[in-house]
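Here chain A shows up in two complexes: once beside chain B, once beside chain C.
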Partner chain A sequence: MRRSKTPFGGLILLAAMGLAMLGPIMTVMVWAFAVKWRYPNLVPSEWGLKYWHVILGRSTVIEPILTSLALTSVATTLAALICWPAAYAFARLQFPGRQLLLFSFIAANAVPKFTLFVSIAVVFLQLGMVGTFWGVVMVQMLSAILFMIWIPTAAFRGIPPALEEAGFDLGASRLRVFWSITLPQAMPALAASYVLAFVAIMFEVDSALLIGAPKITTMPLLMLSLSAQVIVQEAAVLCVMIWVPCFALLLLTRRFMSSKGIAQGFGA
Partner chain B sequence: MVDDLTAPVGSRGRGQMMGQGFAGLALVAAPLVLLIVLVLFPTVSMVANTFHVTGEGGRAFSLAKFAAFFADDYSVENLRYTLVWTVISCGTALSISLGLALYLRFSEGRIATMIHALSLFPLFVPAIVISYAMVRFLGPNGLFQLLLEKVGFTGYTTPYLTPVGPYIAFVWESLPLPVLVLSAGLAQVSDHAIEAARDLGAGPVRIFSQILLPQLKRSLLIGFALIFLGVVGSFTVPYLLGPPAPEMMGVYMQRTLGNMRPEEAQVQAVILMAVAAIVGGFYIATMLRNQRSR
Partner chain C sequence: MLRTVKLTKTFNQMTAVAEASFAVEKGELICLLGPSGCGKSTLLRMIAGLTPSDAGSIEIDGQDVTERQANKRPTAMVFQSHALWNHMSVAQNVSFGLRVQGLARDVIAAKVTEALRLVGLDGFEKRRPTELSGGQAQRVALARCLVVEPKVLLMDEPFSALDAHLRANLREELKALQRRLGLTTVFVTHDQEEAMELADRIVVMNAGRIEQIGQPADLYLEPQTLTVARFIGQMNEATVPVVRGQANWLGQRVAVGAADGAVTLLCRPEDLRRDPAGIAGRVARVIDLGPVLRVTVATEEGATLTWLCARADAPVVGAPLALVATRLLAYQNGVRVAVPVLTKPQLESVMP
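On to the complex of A and B.
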């Protein structure tokens, strides 16, 4: 097999990709620690944490962050509680309509989410659920379902049946086998699905805007309003403060998610 | 995903099968209810609503709401604008992903690994973060302009608040999935087939069009559908980076709903859903065919 001999072309591609993919984020990173950065200087003339103090000292910033943390934790945890058992059933139990049901969960992904949220918003308007905590939680759970069904289902399937069968042969009940054999092996993937759903919901603008606003202000909605502001640093600080920890968490999940697995999840 | 498990673990005898059926349904009931309450019911009621008008004689079937949408120049322009730029974004993102996937298929070493990682990076970056970052990177006096001016290029006009602004962000955030899907497709082409063709004197173009491309048809279709469905209903990217008018349908629907005109927002949503359903239909059909052939 011919492998590219000239690393030169590869280096140019790497440089272009590096600039295109990392350039925008780097700009935000620099802005977050810039006190003064005036055109046409390539780097800030004054660095510091001034705007971190400004942001953290403001209740209009802290409150949306706390709201988002509460909403996201509740929605993700509830979604996990109902989706993980379902994923186990899809992977390990035989029941009527199993294929069709699993498929309908994946196919729900083929509908643009924003149109779904519009339809839900109209129903919620009539029910008086717009702008309520639980209204937003319900819609956010919907965003979690995709991660929480297909990753765990694939994980439960990936566990070799031999171990579980050995457990059954020794007379253990299904619950016992699940608790002592299946669950420990599936745990990393379950944790990964939790993190993925958590971060996705944490940064989701659409549901919060259509169902929550204006009564409920979440962190992404705050970011949306700060993004257009004259003082650049405030949104930059918020971005770095919330996104960088999330990014670190997401990197941890990479270990449990193969590229092939993701591609297969989307039907490749 | 939907492939069959012919013999589930621990299933023995009929009695246990029945028990399994009951337990299985009980376990999937809760998310299913959520899907029915939050997807099926609102969608069906929305579609039904848009095909009816309520007048003196009660509720009657009518296409009047759609007629009103298509009679309004601004609405039609928004729909056209959304579709045109979605397709352009899909074409660009798919071409770049194909190039990257091909490069990655025939390269190894540290540079290829780094390029692979970079192409997957957007998976970790939420839309709101990249939109804001693009404002600061591509915007007026942004870092990109500064870099260009440092190398002596001064004619930069910012794409910020033009259709090109969201377009760049769409392509940026759309790269990872098609790269993954196309790489999975290319991995199925054996080295032997390519070597055999090369031994017979086939050049790179010939190998690409005769050996690789036919194998990639499904992957390309899935890649296109994934990008299309992600872009067509997006809100954050066009809201922060796009021009005030025309609007992408996501922004338009949000504003219509915000102006307390839910019925018009529903019509806009149903029209967008119909467009997406065509692409989504291809996606689901391809997905099913892939599962069957696995």
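On to the complex of A and C.
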């Protein structure tokens, strides 16, 4: 009889944690499909897709979706092009200040981002880049650096040098070795870092608000403005619309990469 | 076919390889033998071009390749970890070197089939490296090198991660293949048995230096330095003073061609023989090795001798025993000095 006590306590803890983590998401999910939900009803009194039609039927909604997708794709891809070779350098080359530089990427994330964006905004204002697509792309790339440097660095480091040496020894050029051996070996981790960075940029609000508004409106910004107008359902619909594909992408990364691999990316 | 001249490598002021000079004939298999950290792998990597040398030169087939990168040298290396690419099939692994050269597809396919047949893995083309056993993986790694027909095949402890039985089999197969194809090979190992079995000649290294180069029997019978003598095979060792060319080995006077000072006298366990006039002691332990017995003898002087004796000679533990050395090696300051072969009349004359 005593044995059942521990699992019972554990179950309560699990339920509490589950509620804390999933509760808000569940609420949003319910709100997205609720037409009428007034106090004191525990569940909505009327269900339906009414607000989905409302949202999708509005031209001011479609544009931020496209903007967000374009911004996120461009920013993530550009960040990958810059960060992945840098990660390879961190993993394979010895140069002065290597550890310090690598650490600085974490340090930059320890600073409250908002203050950082304010100072960037001041510079961008002078350069006339505030409110432009590329201005937002540039600041949003910052959100990707941590994922795009640390995870790929660990991945490149995890490839035994003998694998590359064997190719080089058999007559392949350094470029060929990188293309045919290093890249395929690191691909799962690179894909995971891409997805994580993509999601991070997609949900990014601070920089988009400071650099982009009011000319550039992203999905999260639209969500903010809708929430402010107290139309809970519309915000919830948007939230689900962003959340579902991002969650699917994250699940996909689990296929690519073990949690151990991700942990290694952060120096574990 | 391969010649290195005073090849040197220093890592952070630590000398890994110092002025290593040796030559390998066409079709010869040379073993670089030494304890771990002696610089043998570094020397091999310098030959491959994977580690740049600080000084000295490397010549392959009459051409100076010192300044060439690894991908421009006619060498191919088998790594200890086999280093197969697990995102490619066995056939893709083996064909990599040929694809890099840009050969025609059908030529590549034929060569890959032939290489896999040579290492006894025909039909394994579509397998993944993860589906191979350790021995099979190392064979694929060998095929991957053979297929590009390197002028010098380099092997860096290729079998050391495998179990003893498999290691012995692969060694035999490699030796047969190497003879048949006339492969010029440099094989790195820390296992002297492996070196003895495989090598036409052995290069013994210690602390970055080449100690001695010779055929297995030379190294065993005539080690030129104390390091080599201690490293190859077993020895009974005693360091004793020399006074005017005379030393005392376990109570016997021995004439040594060395200056006054200390001399190290070594005797192989099989170079001891029963003789009533010899060193007296008692049998402390008998280990049956099968073909021979290893007998530990505690001498009256308090020393311990190891003696390999034939089964017919087998003593019992605790029995009194007298032994004479039929052959001794002497070293002063690590360098070999003359010590006359002990013969019975000499022994008798020096006995008190």
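By our rule, the second predicted complex is superposed on the first by the 246 of 268 C-alpha atoms of A that agree within 3 Å, B and C clash if a C-alpha of one lies under 4 Å from a C-alpha of the other, contacts with A are read in each partner's own complex, and residues count from 1 in each chain.
FYI, contacts are C-beta pairs under 8 Å (C-beta built on N, C-alpha and C of every residue); 3 or more make two chains touch, one makes a residue touch a chain.
Since we're looking at a predicted model, the values are computed, not measured.
Novice: Taking the superposition on A as described, I'd like to know which of chain B and chain C A:Ile201 touches: first, second, both or neither.
Specialist: neither
Novice: Per the contact definition in the header, classify A:Trp31: touching chain B only (first), chain C only (second), both, or neither.
Specialist: first
Novice: Residues of chain A touched: more by chain B or chain C?
Specialist: B
Novice: Of the two partner chains, chain B (first) and chain C (second), which one does A:Ala192 touch, if any: first, second, both, or neither?
Specialist: Neither chain B nor chain C is touched by A:Ala192.
Novice: After the superposition on A, what does A:Phe168 contact: first (chain B), second (chain C), both or neither?
Specialist: both
Novice: Have a look at where A:Cys83 lands relative to chain B and chain C in the superposition and call it first, second, both or neither.
Specialist: In the superposed model, A:Cys83 contacts chain B only, not chain C.
Novice: Check whether A:Ile151 is in contact with chain B, with chain C, with both or with neither, and answer first, second, both or neither.
Specialist: neither
Novice: Going by the contact definition given at the top, which residues of chain A touch chain B in one complex and chain C in the other?
Specialist: Residues 165, 168, which sit in both footprints.
Novice: Mind pulling up the chain C residues that touch chain A in the complex?
Specialist: 48-50, 69-72, 75-77, 79-81, 83, 85, 87, 96-97, 100-101, 141, 144-145, 148
Novice: Mind listing the chain A positions that touch chain B in their complex?
Specialist: Residues 1-4, 7, 10-11, 13-14, 17-18, 20-28, 30-31, 39-42, 82-83, 85-86, 88-99, 101-116, 118-123, 125, 138-139, 141-142, 145, 148-150, 153-154, 157, 161, 164-165, 168, 174, 177, 199-200, 202-206, 209-210, 220, 223-224, 227-228, 232, 235-236, 239, 243, 247, 250-251, 259-260, 262-268.
Novice: Please output the residues of chain A touching chain C within their complex, sorted ascending.
Specialist: So the residues of chain A in touch with chain C come to 160, 162-163, 165-173, 176, 180-181, 184-185.
Novice: With touch defined as at the start, can you tell me which chain B residues reach chain A in the complex?
Specialist: Where chain B meets chain A, its residues are 1-2, 4-5, 8-11, 17, 20-25, 27-28, 30-32, 34-35, 38-39, 41-43, 45-46, 49, 103, 106-109, 111-112, 114-115, 118-138, 141-144, 146-147, 149-150, 172, 177, 180-181, 183-185, 187, 191, 194-195, 198, 218-219, 222, 225-226, 229, 232-236, 239-240, 250, 253-254, 257, 262, 265-266, 268-270, 272-273, 276-277, 280, 283-284, 286-287, 290-291.
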